[in-house]
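One structure is given here, and the rest of the page talks about it.
So that you can tell them apart, the chains are marked A, B and C in the order they are listed, and the count of residues begins at 1 in each.
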Amino acid sequence: MIAPDRLYDLALVFAFAALSLAQILAMIRLVIGPDVADRILALDTMVVDAIGLIVLLGIAQGTEIYFEAALIFAMLGFVSTVAYARFILRGDIIE
Amino acid sequence: MNVTDLVEIIIAVALVIGALFTLVGSIGLLKLDTAMKRLHAPTKAATLGIGSLLVASMLHSFAFGSGSLKEILIMVFLFVTAPISANFIAKVAIHRGQDMPPPEPPKDQNWATLNPTDETVPGIEAPAKT
Amino acid sequence: MTKVKRSFLPHPFLTAILIVVWCLLSGGISLGTVVFGAILGILIPQATAAYWPDAPRAVGLFKVTVYVLIVVWDIIVANVVVAWVVLTKRNRDMKSVWVAIPLELRTPEAIAILAGTITLTPGTVTADMSDEGHCLLIHALDADSAEAVRDDIKNRYERRLKEIFE
């Protein structure tokens, strides 16, 4: 990271570190389980954290080209969470 | 102390708040001990955390770029879908018997997830018309 | 006249939202984005009209604004409270309870909004609904008594939603 020339650069570094730590903690929960409900929840949390990381990258580089990526991440994350949960509940996704 | 400094301070505060709440969501996910308790931390803390980061992004684009309101779309989408995801995950936890069993409903026969004959229920949120 | 209007614009409010969303997505209000947004806003409600048979009734704008402001304030307070509970309380000190809430609301939209509100506010998650739709099952993270949570939700949110929708 370059030397902080703006006031919020330190906050940006802190936010990157905190979100990365959050991703790692969610990944630990994804691995240790213990049940499929926890794994779905951990995946959902990881998607939300990934959206945060993409937004932070957009701020750090001063561009808006990552916006669509974040939006598609949000949509795919929601649909995959619902599809996974529905598969566990009903044994089928589209009836 | 001019306007740019003030905006930078606000952006920095929003970034720190968002990062802290997102981190608390994941800490709660790891720390709490039953499946239903774990559901509380990420669905709320993470949603507000990302909302705060998006506010920072929006302020940043207005202060140092051309300005965009696109982040509102992501925010609205997250706030609308978070309860639905949480509801589905809670249903999975009840269905798999991960927590203490829920009490009997006071008025009806059973909860929709536990109902053995719920093939006729068309949707999750659709109640019977009376 | 109303029948023609009904088949051309089945959901005027949905049309307006689609135009606004399209303008936000394409990054600016110009003649091109508004016209294309209007085309989408007319075609999409017509194509999906079969899935939305009932037109939603008009709701009071003032009451909706008050409700939204209360919920936004509660979301912010709720997040601080939940973060504090998660970070400072030990697991065995948390008293999490199931709460069953008998519903007075009958409209599906109102029940869906109530369920979403409950999930986004202090330490409560909507977990399930009874099979006939008269009851919501709620899980509270840290509550003194199930009755207090139930009365709080009924007084704070359900009463206002009942005024808005019924």
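Definition applied: a residue touches a chain if its C-beta (ideal position, glycine included) is under 8 Å from a C-beta of that chain, and two chains touch if they have at least 3 such contacts.
Here the structure is a predicted model, which is why all the values come from computation and not from measurement.
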Checklist outcome for this item: Going from chain A to chain C via touching chains takes a minimum number of steps equal to 2
Item to check | Chain nearest the overall Cα centroid | outcome: B
Item to check | Cα-centroid distance, chain A relative to chain C, in whole angstrom | outcome: 23
Next on the checklist: For chain B versus chain C, what separation do you get between their C-alpha means, in angstrom?
Outcome noted: 13
Checklist outcome for this item: The positions of chain A in contact with two or more other chains are 64
Checklist entry - Can you list the chain C residues in contact with two or more other chains? => result 27
Item to check | Sites on chain B at which at least two other chains make contact | outcome: 20, 27, 39, 47, 68, 70, 73, 84, 91, 93, 113
Item to check | Residue numbers on chain C that touch chain B, as the complex places them | outcome: 21, 24-25, 27, 75-76, 78-79, 82-83, 86-87, 91, 94, 96, 98, 100, 102, 106, 108, 111-112, 115-116, 119-120, 123, 125-135, 137, 139, 141
Item to check | Complex contact set, residues of chain B against chain A | outcome: 5, 8-9, 11-13, 15-16, 18-20, 22-23, 25-27, 29-30, 35, 38-39, 42, 46-47, 49-50, 53-54, 56-57, 60-61, 64-66, 68, 70-71, 73-74, 77-78, 81, 84-85, 88-89, 91-93, 95-96, 98, 113
Checklist outcome for this item: In the complex, the residues of chain B that touch chain C are 20-21, 24, 27-28, 31-34, 36-37, 39-41, 43-45, 47-48, 68-70, 72-73, 79-80, 82-84, 86-87, 90-91, 93-94, 99-100, 102-115, 118, 121, 124-130
Item to check | Residues on chain A engaged by chain B in the complex (per definition of touch) | outcome: 6-8, 10-12, 14-15, 17-19, 21-23, 25-26, 28-29, 35-38, 40-42, 44-45, 48-49, 51-52, 55-56, 58-59, 62, 64, 67, 70-71, 74-75, 78, 81-82, 85-86, 88-89
